[in-house]
Amino acid sequence: MPTQETLIPLSGWRRKLYIIIYEADTRAGRLFDLTLTLAILVSVACVMLESVAGIRQRYGALLSLLDWFFTILFTVEYALRLICVHKPLRYVKSFFGVIDLLSILPLYLGLFIPESRFLADIRILRLLRMFRILKLSRHLSEALELRRALAASRRKITVFLATVILLVIILGTLMYVIEGPEHGFTSIPISIYWAIVTLTTVGFGDITPKTPLGQALASLVMITGYGIIAVPTGIVTAEIARGKPASRSDNQSATRLCPHCFSEGHDWDAHFCKHCGGQLPRPSRDQVS
Amino acid sequence: MPTQETLIPLSGWRRKLYIIIYEADTRAGRLFDLTLTLAILVSVACVMLESVAGIRQRYGALLSLLDWFFTILFTVEYALRLICVHKPLRYVKSFFGVIDLLSILPLYLGLFIPESRFLADIRILRLLRMFRILKLSRHLSEALELRRALAASRRKITVFLATVILLVIILGTLMYVIEGPEHGFTSIPISIYWAIVTLTTVGFGDITPKTPLGQALASLVMITGYGIIAVPTGIVTAEIARGKPASRSDNQSATRLCPHCFSEGHDWDAHFCKHCGGQLPRPSRDQVS
Amino acid sequence: MPTQETLIPLSGWRRKLYIIIYEADTRAGRLFDLTLTLAILVSVACVMLESVAGIRQRYGALLSLLDWFFTILFTVEYALRLICVHKPLRYVKSFFGVIDLLSILPLYLGLFIPESRFLADIRILRLLRMFRILKLSRHLSEALELRRALAASRRKITVFLATVILLVIILGTLMYVIEGPEHGFTSIPISIYWAIVTLTTVGFGDITPKTPLGQALASLVMITGYGIIAVPTGIVTAEIARGKPASRSDNQSATRLCPHCFSEGHDWDAHFCKHCGGQLPRPSRDQVS
Amino acid sequence: MPTQETLIPLSGWRRKLYIIIYEADTRAGRLFDLTLTLAILVSVACVMLESVAGIRQRYGALLSLLDWFFTILFTVEYALRLICVHKPLRYVKSFFGVIDLLSILPLYLGLFIPESRFLADIRILRLLRMFRILKLSRHLSEALELRRALAASRRKITVFLATVILLVIILGTLMYVIEGPEHGFTSIPISIYWAIVTLTTVGFGDITPKTPLGQALASLVMITGYGIIAVPTGIVTAEIARGKPASRSDNQSATRLCPHCFSEGHDWDAHFCKHCGGQLPRPSRDQVS
């Protein structure tokens, strides 16, 4: 049986770094996470502002500088995360490992394809990790309950979506034949796009039927859409109503992290990861409850 | 009592063909179904691409050739389905029999009415049969549960739709009188179309009220629509919540087919069709579980 | 205690007429109701067709003639209904009495205000009475169940609508101040109209925010609207789920009518009206079950 | 223990004024509240009419006069409320104290920033207080039930909204990169605004995707929006269905007001405020039940 010492890095500084970066229970760990959250928010704001033509013309240089500053910061952080973890590849392939990498790539890619640098925005997903530091374990458990309800209605929703897809293909084809290119239904894929816009009750109005027959069919589509909006709602509602209020909600251990598979949400008194079976580190002493 | 031998064709090759085409439990049957699925998907993609003006100009000849290739393929398949079945008329009148015929007609019709050849897209419905080969019996049983919930709320939904239809006729007439042709409400049918667009919260914006009175009535329509969207949802949700999780879900026999009435979803241990009472063929030996 | 003879007209021909017109259980009564339904549908279709400019130019004279034919027919019918009933004023003030009158007035009014003749469409509401002749007692009982659910959630929906009205007034005012007349928000009432269009997720797009602040507020409105669409649905769903399946559904007496207050839905074995306490006529002998 | 005399003002006229203004159980109090309601409705109507250009040009002077009349009236009322209450600061900081102040400020502010005077509309919120005088205690208790259901689903809705916000940021960024400024997606914030418009199924149509890839992504967004509209509905419905019908509904004491913290909804037989623990005045004798 592997002891705890073999799971998180042995050497002193790597071990300390691991606790600061991956754990949220020490003061240093909390400070690190809060700084990171702030950096993510500011850098995303920068990317957004840079996309506004008026602001880019004025403050383009400054924003570009900030972009590079944050990207290098996150690159260093990514390197540190790789160094201080026992099995770097596991981190790289974990959900947050992929997100962390995607957060720094766009700007480097932007050297070749200018537009792609705006994709740095995707780093907003890194905030998902922050549920932990904000001690939002109750929210987390309600989120898990929602996910459970959605997972339980997985198959029903698949069946529903498959029906919708078949429906829009047939409706799109019919509208293409009825209305034709002269009324904006330029091709079957465009007509399918119109059918989706209509069936989901979005109704942009960029393409609208002009012939009486087309309008009659569109009316049918809309009333159908109105009716079948009831189906996913019914599925999810029945599933949520079936569920019990989460019993884990008072458990403070939502901040614990498995050092093997990087999964979260372990119980306070858990010794082993419920996902990969690896041993969990003991909860730290100076934790703020 | 009819024995099994009298139900599916007696002669060797017709019997073998029947098992390949209609059953999904032998290796040959699976291969046939997978090939068919692929052919359907590719041919639908061809029809869609052909409708895009840019692609038609370039690859029109090729796509037209493929269209004819697949249509002839499906025509041959239709003929084989007719030949190898004991009572061809039953197949012709069954749900999938009609779909199969509709899948091959458009291109032949297209020789007279060019536009109609795009309706070949309708063959996407043939994929519904593929639930069987993909062994999606769990999905099938959830689909049946959804259908049960919808069927149980049939009458309530009819009442609701009848109310909506009366409502849009009256609202459309009122808007026609209030706004008149000069604001786009050119006739009562068009105004009813507008009322449906608005009540279902689609809101294309191709026709909008301009007079204060018209806007006030439209506001009323929208708030009503917002309110009555609750009714079908409530009906379906209550029905789904009432239902038990399907108990048939572990039953592998969703791939069995009645050779008399072409119904599916027979239990693993069933000997007779639950819809027409006809005897079912024994499940094949080399079935992949 | 009044005997049955004093309730429906005493004299032979008035009594016979009453049974034909108000009851649906004799052959003559059924024939009368079916003819009436047909006349209503055809006359409504005439009014609709007349509103289409192209058709009016061609067949205007014919349609106008048909309009007058049906209006005179319904006027005669209205007179007969008045004559053959024991207490005509009660009929005049009943729901269907008002509808019947509204169905014949528009054309006479149209002599003075031409546009108003299209309101004759309102006679489509007379079809509500036809639930009786079609023996749709099951549908009727489900409709009653829906009405019960809506009535039970009456107060919650009132509270909800009051909240929505306060909300759109404040949002409309804010948008008017933020965007101003130069972006289409020409007055507070128009801005309130926009707020309703947006909050109900209809989104015509005839008025849209142009300033960043306006778009931010609009985003807030939309997400709010998305959220609060859940409230009426939740109310109605909970109420429908609470209800039991209607137990009256097999009761054939939905075709019985109280000759005193013109209410419907009396039980098969009822002797007195459950609404006004008046004695009910015996169910006729040659009733089709 | 404080006696009742120390809670509401001691001196005769302030005490009388307090009962008239803050209580709704005496005749004078009812008259005061009804007058106030009328004044609020008329003044809001004035502000709205003033915003319509045509009406402003004609009746601008009159409406401006009425504006000032009502603002001075409400200012005097605000002063009286301050004078007759024992602890004025508590009133100023209470919910209705803030609303009352916001109702009179805009016109004074309008002397410096003309547009802001339309914000006087916000005084419509003062009507919330009127639930009391209209003896709408049943509606109030249903409103409280709705609030309870919403409060109970607070965390689930927060999780849901956080997910939606992350989603629209990423979708907006992707659409900005795919479509670019030439198709109306001029910046990331505008693209996020578009994503919100689309995901909430509002669909103004002021910005629409033009490229095939953009339309494909938009289709995905719409189907997602269609699906996740089910989630808040499911949450709220499950919560409402869980709740019992309010048991307080027959309690007439919804018109009682705590003189300490200005909270409402105290039970008929309560002697102390359930929110701040202060002693409640006895219900008045001439109360209309």
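As written, the chains take the letters A, B, C and D, and residue 1 is the first residue of each chain.
As a working rule, a residue touches a chain if its C-beta (ideal position, glycine included) is under 8 Å from a C-beta of that chain, and two chains touch if they have at least 3 such contacts.
Here the structure is a predicted model, which means the values were calculated and not measured.
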Pair sharing more residue contacts (C-beta pairs) when B-D is set against C-D: C-D
Which listed pair, A-B, B-D or A-C, duplicates the contacts of A-D in over half of its pairs: A-B
Proportion of interface numbers common to subunit B and subunit C (over half same, under half different): different
Angle of rotation relating subunit A to subunit B [CA atoms, steps of 5 degrees]: 90
Approximate Å spacing (C-alpha centroids) for the pair subunit C, subunit D: 34
Distance from subunit D to subunit B - Cα centre to Cα centre, in angstrom: 48
Numbers and ranges of subunit A residues touching at least 2 other chains: 189, 201-205, 229, 233, 235, 237, 241
Complex contacts: residues of subunit B adjacent to subunit D: 201-205, 233, 237
Subunit C residues touching subunit B - in the complex, by the definition given at the top: 44, 47-48, 51-53, 115-116, 118-119, 121-122, 124-125, 127-128, 138-139, 142-143, 145-146, 149-150, 157, 161, 164, 189-190, 192-193, 196-197, 199-206, 229, 232-233, 235-237, 239-241, 243
Footprint of subunit D on subunit C - complex, ascending: 155-156, 158-160, 166, 169-170, 173-174, 176-177, 180-181, 186-189, 198, 201-205, 208, 212, 215-216, 218-219, 222-223, 225-227, 229-231, 233-235, 237-238, 241-242
